[in-house]
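Below, each structure is written out as structure tokens.
In the two complexes that follow, chain A is the common piece, with chain B as its partner first and chain C second.
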Partner chain A sequence: MTDPATPGPAGIADVRPAGSDSDVAGLGRGKASAFVTPALLLIAAFLVFPALWLLWIGLTDLTVSGRTSVDVSFVGLDNYANALDDPLFRNSLWITLLFVFGSAVIGQNFLGFTLAWSLRDAARWLRAVVESLVLLAWILPSSVVAVLWIAMLDRDAGTINQLLDNPGYAWMIRHPLAVIIVFNIWRGTAFSMLLYSAALSTVPPSHLETARLAGASGPQTLRDVVFPHVRAHVLTNTLLISLWTFNDFTPYLLTRGEPNHGSETLPIFLYRQGIDDGALGYGAAASVLMLLINLVLALFYLRLLRRRPK
Partner chain B sequence: MAPNRGMLAALASVGVLLAATVGCGSDSGGQNALTITANAINSAGGKNADEAKWIEEWVIPRFVEEQQAKGRTVRVKFQATGVPDEDYKNRIAKDLKTGTGADVVSLDGIWVGEFAEGQQIAPLDELVGADKVQAWDGWQHMPETVQRLMSYGGKQFGIPQGTDGRVLFFNRNLFEQAGLPANWQPTSWDQVLDAGRKLKAVPGVIPVQLNAGTSFGEATTMQGILPLLAGAGSAMHDGAKWVGNTANFREVLEFYRTLYGEELGDAELQQDAKGREKSFEKFAKGQVGILLEGDFLWRGVLNPTGGSFPMADRDTGVGWAKIPAAAPRAGVNGQDYVSMSGGSGRVVSPKSKNVELAWELLQFMNSPAAYEQWISMGGARITPRQDVNAEVLGGDPMLTFVSEQILPITSLRPALPEYSTVSKAMQQATLDVVTGTSPADAAAAYGKAVEEAVGKDKVASD
Partner chain C sequence: MNPRQIVARIGFYTFIAVLTGFFVLPMLWLASAPFDSNPGYAPRVPEKPTLQHFSALFENDLTMGSLWNSVVMSFSCMVLVVASAALAAYALSRVRIPGRDALLYLLLLLSSVVTGTAAMVPIFLMVWKLGLLDRQLGVVLVLSGGLLPAAIFILKDFMDAVPKSYEESARVFGAGPLRILREIVVPVARPGLATIAVWTVVNVWGTYLVPFLLLRDQEKQPAAVVVRTFYDEGGGALLGPISAFSLLYSIPVVLMYLFVNRRYGFRFHGGIKS
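Here is the complex of A and B:
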């Protein structure tokens, strides 16, 4: 509710001039800080403090239990050096990049766009059916879909082996990375499809008609007419789904990173180091590295997004 | 000067936040309130359900009653947990560190060293008082080896609540089909391999299930590598050094290679995220010939009443044999047969506000009456008290066998803080071998990993 004595906008405006000592301005500054303080405190308590704490832990040899739990030693950048030198960290980074590139950048993007493009002129019922089916994979809780996939792919009791009459084929052990890639494509395509459906509706039908009359082929139309319109959508979508996939923990429910770290993405690596093994310092350092990689990824896409198409 | 309304509001909001924070940390327990925690949950099929049931339905009401009789009103709460052991360990580690956890905490004997080094647990003598601890009459019924399950650096940190032993279980029905004797007792590793080769002729059967790999976690170490290592003549830690890339360790890996190379074991099952449960299920279904396991398999898994994979004909269909050394007298201490034992126990949290009452509860939970009740509710088990074992194990030939013949020849894991790191490196070495790396290469990688983890001077290699 607005206080009639000090209208909000005026109060805020009064705060701006530095050094103003009028009563109204003083009251306004106080009011503003009263409004802002709880939010700032909350941000400090739940965002800044944990982030700083994480940075600090990453510089120590803190573990959940054991020798260092009481006398934590400052180890400087050792954890970072160890992580970069750790074959398991490098393995999980590589796995993560393959996972992100295969399932998000290529898989979800391509399938999402293809579905959106194919469905744009489809009958309403067909569109509804396809969209519902694709959305179903997206809205189901991670735990549920993981259980479903395990039930499908299990070597001994999996339905896929039963259907293929191929008993004993261990999908998750022989192709762990492929399994989590296909899983993530299956699961995440819905978002891309919806976003591209919306994006494609912004392409003026007259442009498509002109291209058709000019005798442009399908790929030419896509490249020269459709893509310039949806470029920003593609980049935004790619950024979003890459970051989500990069940080996705669902593969853990499916394969636990096994076998032999063959599907151990960075979040799984972090979990195993920090939680399973209780190496909090090392886990914190690795998570800071992961955050940096995320930032680089985001900056790369944002740069692409800001660059004007020629 | 008139108070600044804005500043007051800001201070008020800080106050509210602080109050909320402080409120979260306050202890709701009163002077005579206790909490027990264990990795157990009282639900059908829940983890260690019998223990949870026993605590909730017998220990707590009877202890409260007993205290009432002394004119003291106490409240005891059970904090049920039913998660993988590593998660439970992390949970209680945090609880013990922050002082937010239970007063009486159940923990695996192997964690004692780590928690003691971290000062998350304290010796009973310091916590309760040496005279009071020594006054407990339960110690005299507990063999020293069993007491050691809850000790570290010569100090007793808690009371053991149970121990176990490892044997080779075998399926008598499959043995009959393979032409093997019903009272099988191999005297060397070769004889185990020979039996596996005969069992391989029976269709649809995994001849030998010897845990390997990282998916099986600690089960690989305890029910795989360590009994074999003891059979080859080595301990994991000889009191001064950890076993590294040694001839004995390579011999163990060589055995793994023979077993999995000849497909006497199922290499893929070892990499399955649910491999251990599946190996239990397959054994219960009569699809595994020989399985190296602890007596937990007998009482907790195959138990016709309440087991996770009950086997109706367990008592007639399942046989057991001592684990042979690689060859007669080649085992640790020159033994013919070997085993490994673990066990857990309970400690009093050093941050407990009611240490004395918690110690009373701990004694109560380790009284003969309490064990007898637990066994009557959850089935026979090897207790740390010989007086109780003598009374209650008579009806169970398998557990009597473990108590009488396995415990005297068994080895314990080193309760040292570095244990889990070395254990993981061992698991990785077996995984490497099972998936095709040569034992020599896997042992070399293992030796290097252990040296990096604990320091070269603390690792033996030859």
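Here is the complex of A and C:
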């Protein structure tokens, strides 16, 4: 997904001459449709169909094995009622809310903005070093970063306990939710940092200079000069990182949702119920709720994109 | 400098140092353990640097096979996504198919809503019913379907930017649409195609959930999944191989990132990863 705040391909598109869709290559509707077909077929089969099927499975008692794997019956909204009644489901919703709010809305947003703001006129090498490290945390594969964090937090010989001289302290068992929140801040701040550095470069230097001459303090400058320029980006960024964090399966690789469901976010709950336990119908009903939340976030995001001033 | 500025400076550098420490701390182990003959969980400068873990990996069929599986699946997805997205984006850019803008909007919405995580139950079920469970083709199709909408969306912008006059001249000389696409549009839109290609490879290379769900046979699993099973079975004793394998598996992603960054400016595609 392209980042709307930076002058990417979308920026190029804005300067194109009007009427780019005149059919210069002589495709005609027939050939054009043929060109579009392979992509649409793939999307229909592996994206649209699963989503629609999900709605149906959620209304049945389908399981992977046992009697109900063959003899499926329609149970209506029972799965939904059960989910809303299930303490484990409600627990995972709550955990997910804390996880998304703590790590994305607050954590990545603030840290990303702070990094972008404080590095904006730092020495070139310093900026390059810090940015590369933050980016590296973002681009390494998720199974690798999970291994790294497991090593770092190991109760007996991990780096953290050695630094704190605190052997035997099991971070993942004592503070599972805090661990995945801090982990996700570490993992995902790069995006916010990139987006905010691009946004900050649109603040006219003369405005900052005027604020400085008028004797404005740092926080005042941020509030009155910088914030009005980046407000739209804050919203875009928050929606995107919330959507990604909400759909992130990586915490499973760290804590597996343990102990005692203490870090079981909604994706992990789905996996446990739908795949591990094979309760496909019940898992599907929970998935529908997840899709609905995704839909709300994505609709807000796309609305913002459309309203973007040209 | 007055005292206040000096304090501010010190504060700034302390702050940056703490942040750098936060980001670098987990990575130190990846830099040290693969070269340590007997690594622990804490990073340290290896007393006797060694490459023994790497040579052991090269002889291990499971790890080498899983890296090869990652290559095969990334490459297949890349071909599938780039080819079908380029065709679709070109047609959508040049011909006003009724409802085109609504279609693009809907596709983009769909790909952000129907993520592999949210749709894992129906995806698993569908691949199972199609008899594609435990086959890499299933993973390739599912991942490509998920990546295509964003790929078409980004590529359409690149296609829109291709000057029409080139195509007009080619057409005057009697070139057909496929030939125009191959010989004019593709070379001109190459930065866009390369971006999508790298973006696809990076995504597939790192993805964990879909292959984890759909491939049970270890010999077919990509490195993303095998690196984990390696960990669970081995416990502490296998730290050397795990770290060496993690490093080996990460290098291509970092190289591709550097490549894109140098050639096309990564910054311009802030969201290239997702």
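Just so we're on the same page, the second predicted complex is superposed on the first by the 251 of 310 C-alpha atoms of A that agree within 3 Å, B and C clash if a C-alpha of one lies under 4 Å from a C-alpha of the other, contacts with A are read in each partner's own complex, and residues count from 1 in each chain.
We take it that a residue touches a chain if its C-beta (ideal position, glycine included) is under 8 Å from a C-beta of that chain, and two chains touch if they have at least 3 such contacts.
Everything numeric in this text was worked out from a predicted model, so none of it was measured.
Chemist: Per the contact definition in the header, classify A:Pro204: touching chain B only (first), chain C only (second), both, or neither.
Modeler: The answer is neither, since A:Pro204 touches no partner chain.
Chemist: Touch test for A:Asp156: chain B only (first), chain C only (second), both, or neither?
Modeler: both
Chemist: Give one of first, second, both or neither to describe whether A:Ile139 is in contact with chain B, with chain C, with both, or with none.
Modeler: Touch status of A:Ile139: second partner only.
Chemist: Name the contact category of A:Pro167: first (chain B only), second (chain C only), both, or neither.
Modeler: A:Pro167 contacts neither chain B nor chain C.
Chemist: Can you tell me whether chain B or chain C touches more residues on chain A?
Modeler: It is C that touches the greater number of chain A residues.
Chemist: Touching A:Arg256, do we find chain B (first), chain C (second), both, or neither?
Modeler: A:Arg256: touches chain B, not chain C.
Chemist: In the overlay, answer first, second, both or neither for which of chain B and chain C A:Gly76 touches.
Modeler: Neither partner.
Chemist: Could you say whether A:Ala45 touches chain B, chain C, both of them, or neither, answering first, second, both or neither?
Modeler: Once the two structures are laid over each other on A, A:Ala45 reaches both partners.
Chemist: Using the superposition on chain A described above, determine whether A:Asn247 touches chain B (first), chain C (second), both, or neither.
Modeler: Touch partner of A:Asn247: chain C, not chain B.
Chemist: Of the partners chain B and chain C, which touch A:Asp276 in the superposed model: first, second, both, neither?
Modeler: first
Chemist: Both chain B and chain C touch chain A; at which residues?
Modeler: 26-27, 29, 31-33, 38, 42, 45, 156, 275
Chemist: List the residues on chain A that touch chain B in their complex, please.
Modeler: So the residues of chain A touching chain B come out as 26-27, 29-34, 37-38, 41-42, 45, 63-70, 155-156, 170, 172-173, 255-256, 258-260, 275-278.
Chemist: What part of chain B is in contact with chain A in the complex they form?
Modeler: 4-10, 13-14, 17, 86-87, 89-90, 93-94, 96-97, 111, 114-115, 117-120, 213-215, 268, 271-273, 278, 417, 420, 424, 431, 435
Chemist: Report the residues of chain A in contact with chain C in the complex, numbered from low to high.
Modeler: Interface residues on chain A, with respect to chain C: 1-3, 5-10, 12-13, 16, 20-29, 31-33, 35-36, 38-40, 42-43, 45-51, 53-54, 57, 62, 111, 115, 118-119, 122, 126, 129-130, 133-152, 154, 156-160, 162, 186, 191, 194-195, 198, 240, 243-244, 247-250, 253, 267, 270-271, 274-275, 280, 283-284, 287, 290-291, 294-295, 297-299, 301-302.
Chemist: Note which residues of chain C are touching chain A in the complex, please.
Modeler: Going through chain C, the ones touching chain A are 12, 15-16, 19-20, 22-30, 33, 40-43, 80, 83-85, 87-88, 90-97, 105, 107-126, 141-142, 144-146, 148-150, 152-154, 157-158, 160-161, 164, 167-168, 171, 177, 180-181, 185, 192, 202, 205-206, 208-209, 213, 223-225, 227-228, 231, 239, 242-243, 246, 249-250, 253-254, 257, 267-271, 273-274.
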